[in-house]
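I've put the structures underneath this note.
Shared chain: subunit A. Partners: subunit B in the first complex, subunit C in the second.
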Partner chain A sequence: MKAFIGIDVGSVTTKVVLIDHAGTVLWHSYRKTQGQPIRAIQSAFGALRRDMGDVVIQGVGTTGSGRKLADYVVGADVVKNEITAHALSAIHLIPNVRTIVEIGGQDSKLILIRNRVVTDFSMNTVCAAGTGSFLEHQAVRLGISVEELGNHALAASSPARVAGRCTVFAESDMIHKQQMGHNLEDIVAGLCDALVRNYLNNLARGKDISAPVIFQGGVAANPGIKAAFERELGQEFIVPVHYPIMGAIGAALIARTTKKTRFRGWQVAEQQLSTSSFYCPDCPNSCGVIEINNRDGVIARWGDSCGKWGNLGE
Partner chain B sequence: MKHLRIGIPRGLLFYSCAESWKRFFQDLGCETVPSPETTADILKEGIRHTVSDLCLPVKTFLGHVAVLKDCVDLLFIPRHVSMEQESYLCPKMIGLPDMTRACFANLPLVLDPLFHVKQFGDKAIDEFTRPVAEALSLSPARVADAYREHMDHHTEVPAEQRRRSERLLAEDAVVPRSSGKLNIGIIGRPYLLFDRYLSKNLFHFSRKLGVNPLSLRPDESEIREAMAVIPKWVYWDMGKEVVAAAHVFFKDDRVDGVINLCSAACGPDSFTGDLIRKRLNQRNKPYMSLSLDEHTSDVGVQTRLEAFIDMIAKVTA
Partner chain C sequence: MRLTVPHMGLLSTAYTRVLRQHGVDMQPPPAATLKTLNLGVKHSPEFACLPFKINLGNMIEALDNGANAILMPGGYGPCRFGYYGVIQEQILRELGYRFRMSTTDNPDRLSDMIDTIREISRIRNRFDGYRVFFLILMRMAALDRATALYHYYKPREINREDTDTVLRQAVRLIDLADSYPRLFRTMPEITRMFRAIPIDKALNPVTVGVLGEIFVVIEPFANLAIEKKLGEMRVEVRRGVWLSDWLNDRFRFRPFRRNQTTYAKKLARGYLNYPAGGESIETVGKTLLFQKKGVDGVVHIMPFTCMPELVASTIITRISKDRDYPVLSLTFDEHVSEANIITRLEAFVDLLERRRDEGIYRH
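Moving on to the complex of A and B:
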């Protein structure tokens, strides 16, 4: 059997999928990156080999903020930005999709599509107030798991008004609401409303969000957020079955055009890799240079702005 | 007359006026010492000396002051308030000499002549040159003459002359459709666009991704034309040029897309950015605003740039 691999190394989670030529998902894995992207990729590949080891890999695509790293680890045929990857998988699933709302661990995106073409997009910049990390942090503070948040929100009768502009404000606002005696459900619902407001203010100002709208990324797991969006915009948000791995699916879809793959084979799961870093002393920019090493020495370097170190790895 | 070493921080108006300033002071027998190009260390110095609410370019500017202050006889930080009758510069630029003095102890003399056309009209040059003459122990007439000779950008300059001396987009900079390369117009304030460190080397990375980045400084007639399209004349001095550059790129069929590079806490840019998006892009050309601040990583800029290029190339179709 012949198949394609897509890898999405995000800030919080690492996703690996296996698809066939038609784009059907044959296998997938979703695990925490935990600050160790190489290990996350390798353990996913170990599991993939165990479960599906007899397939012939014909192409590999990577995306996400760790897409370059993933390329060095496994040997990729396509290295793609997250916007294009998410757009491709959404269009593949719903060809007439017009809006993609994607909220991940530390970033969020809005992508507008007309006739299968991306016409506009925006990404949040430095503020994480509208992302999964924010929800997770607040869930911990409220003593519930992030998975439970959504159902608590749906049970609310009168959502509390929580400031959403900044995690710090939201947190103090939530404490205040708790002291006032609002119940947990209303506070959680208020939190969902705050996140949605934040997203719309940061990314959607002046943009035409029209149906069909696909809601993907890890945060789409939260029915409270979905409901808050639908309430705010008066539109249905479609959450695809594979909502958390849509980026990886997109990366795999692009890899389908590969003629001869650069994939280094299943041994990538076992190779001894380590990373190290140093600050280049040669100019006042002091770029942080990252190195990936295997047993034989340095196999890749990046992080420098002048290219002096990065080029050594090529 | 003393031979003085005049320190000029490489930030803000430097990117618009440096050549004129240099010729002006050379003519007056002084040596100008610009600070080196922005580096991580210079920005760090700037951040260390200022409050966090300031915009990235002002923080960077103050980092350049830190580099220069101990090795020059005086610092030249002109206070530009209005370059023309009906416009103003950003208040942070107007207050730049004060901010500099408030942020550093042990500064050399800060020479901060006032340039204010709105208040002084025809007398603006005399007002500007008087404190310079005093600091350099020269006659006011001599300094005013040097000013008129070298600092022509403050006055109405014939369009052809501006085109030759200041326009950055040569006609042959645009690559033909047949090359398969995209022409991307990059607009923004010169002190962001041409500071390689702050702009995250945007021009370099664009070329690496196989596109042809273009920039231009609009001339008077282009500015007038752009201002006629929008509801009212743009009030901000540099913002006006950004808006006009956007207009030129939007209407030129050879340009495939436009990127507006701006700084996160920039007040004027938040106005002009909206104007550009809502009023000028009538033909719906691919347009992206790229906002920079001290936390922005190269990766964030590159991801957006790659996605923007994919969007123009319609890779998902």
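Moving on to the complex of A and C:
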């Protein structure tokens, strides 16, 4: 059987999917990166081999903030930015989609699509309020798990108004609301409203959000956020079945055009890889150069702004 | 007197050698690095723009290297830049540096520039002053010409970094061309060097207009080498603002090149009828021009807290909507995240490529 792999190495989670040529998801894995992207990729590949070892890999695509690293680890055919990857998987699922709202671990995106082409996009630049990391942090503080957050929000009767411009102020405002005596449900619902307002103010200003709207990324798991969006915009937000792995699916879809794959084979799960870094002493820029080593020595370097280290590694 | 002038793109290459030959003891600041930026940021008001901070860093490094006089372009300016010299002087004095500071009073007036040259160099004769000043201007135009060739060849190069090497060689040759005849002989040589780069002739790259505040547009250190990044993504850059154009609009040394400010004003009519400072009118006018000429999209770059470009950015968002034309605005300061910039540039280039393909299929 022939199949394609998509890898999305995000800030918080690493997603690996296997699809067939029609784009059907055959296998997927979703695990925490925990600051060790290479290990996360390798353990996902170990599991993939155990479960689906007899498939023939015809192409590999990587995306996410760790897309370059993933390329060096497995040998990718396409390395794509996450905006394009998310757009392609959403278009594949709902061909007439017009808006994609994507909220992940540390960044959020708004992508507008007309006639199957991305026409505009925005991405959070300065503030991570409203992303998964922040929600997780607040859930821990409130003593509930991030998965329960949404259901608590849905149970609220009158959501508290929480300041949402900045994560630090949101947190202190939530503490204040707790001390005022608001109950947990109302505070959680207020938090969801605040995050939605923050998203709309930062990313959606002046942009035409029209249906169908797809809501994807890890935060789409939270029905409280979905409900808050729908209340605020008066539009239905469609959460696809594979909402957390849409980026990886997009990367795999792009890899379908591969003629001859550069995939290094299943041994990538076992290869000995280590990373190290040093500061280049040659000029005051002091670029932090990253090296990836296998047993034979350095296989890749990047991080320098002048190109002298990066070029040696190729 | 050891004179230093803050960097602005390749400008220092245009004047340093020529002025040295006329007795000016030049001490150009070292090329900007992270150290320059950190020094600048440390001693600047937080909401001053990136050009202010890099300039100040340049000055501190040059003074530490032995310079004792600073020449700052300014006087009145098209934006806050006009009074930067005054504030930088005060900051440097409070830091304990001893130096002479001069600011050009009226950078638009030729006689003022000639007076400045006669003041700092051995040149006494007014005619010689003109001759030297116009040689500097021609050298600047040559540097811009080499950069434009770079924009054309970079996306097409087969071996990575070839074009960058040639550009460095070209800049070196222009630097050495210290007389009119040498400069005229150098230009065909530079064109030949670029032509010799092995290129992918079949490639029909996406084109992107680069517009915005002039300092961040022409200074790769300030914009994270955005033109090189675009070139590596196989995009042909069409830069809309050039230092030599800015100079030519004031000093008319290229009689056959039209006045770009007046031209931009004419183009911008209807969207922006009065210059709003900085390069706002150029940004608006040239966005409309690029759209008309079939350039695939515009990347608009500006320093954080730049008022004129913020005005322009709002207007070009409107143009983008009215004419269904892709525009990406990027803001730069010391906190900019390179990963974020790269992701947005890549997504923008994908968008342009897809739009182009759709257009081809439709026709």
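Just so we're on the same page, the second predicted complex is superposed on the first by the 314 of 314 C-alpha atoms of A that agree within 3 Å, B and C clash if a C-alpha of one lies under 4 Å from a C-alpha of the other, contacts with A are read in each partner's own complex, and residues count from 1 in each chain.
FYI, a residue touches a chain if its C-beta (ideal position, glycine included) is under 8 Å from a C-beta of that chain, and two chains touch if they have at least 3 such contacts.
Keep in mind that what you see is a predicted model, and the values were worked out from it rather than measured.
For the composite obtained by superposing both complexes on subunit A, the positions of subunit B and subunit C are in clash. Looking at the shared chain after the overlay, A:I91 reaches subunit B, while subunit C stays out of its contact range. Of the two partner chains placed around the shared chain by superposition, subunit B is the only one that A:I113 touches, whereas subunit C remains out of contact.
Applying the stated contact rule after C-alpha superposition, one finds that A:S305 touches each of subunit B and subunit C.
Using the contact criterion defined above for the overlaid structures, shared-chain residue A:I292 touches neither subunit B nor subunit C, since it reaches no partner.
In the superposed model, A:V78 lies in contact with neither subunit B nor subunit C. In the overlay built on the shared chain, the residue A:P284 is in contact with subunit B and with subunit C. In the superposition on the C-alpha atoms of chain A, the part of subunit A touched by subunit B in one complex and by subunit C in the other spans residues 65, 80-84, 115, 117-121, 123, 125-126, 206, 283-286, 305. The part of subunit A that touches subunit C in the complex is made up of residues 65, 80-84, 107, 115, 117-121, 123, 125-126, 206, 283-286, 305, 307, 311. Those residues of subunit B that touch subunit A in the shared complex are 39-42, 197, 201, 264, 274, 277-278, 284, 286, 288, 291, 293, 295-296, 298-300, 302-304, 306-307, 310-311, 314-317.
Residues of subunit C that touch subunit A in their complex: 33-36, 160-161, 164, 225, 317, 324, 326, 331, 335, 337, 339-340, 342-344, 346-347, 350-351, 354-355, 358.
Within the complex formed with subunit B, the subunit A residues making contact are 65, 80-84, 87-88, 91, 113, 115-121, 123, 125-126, 206, 283-287, 305.
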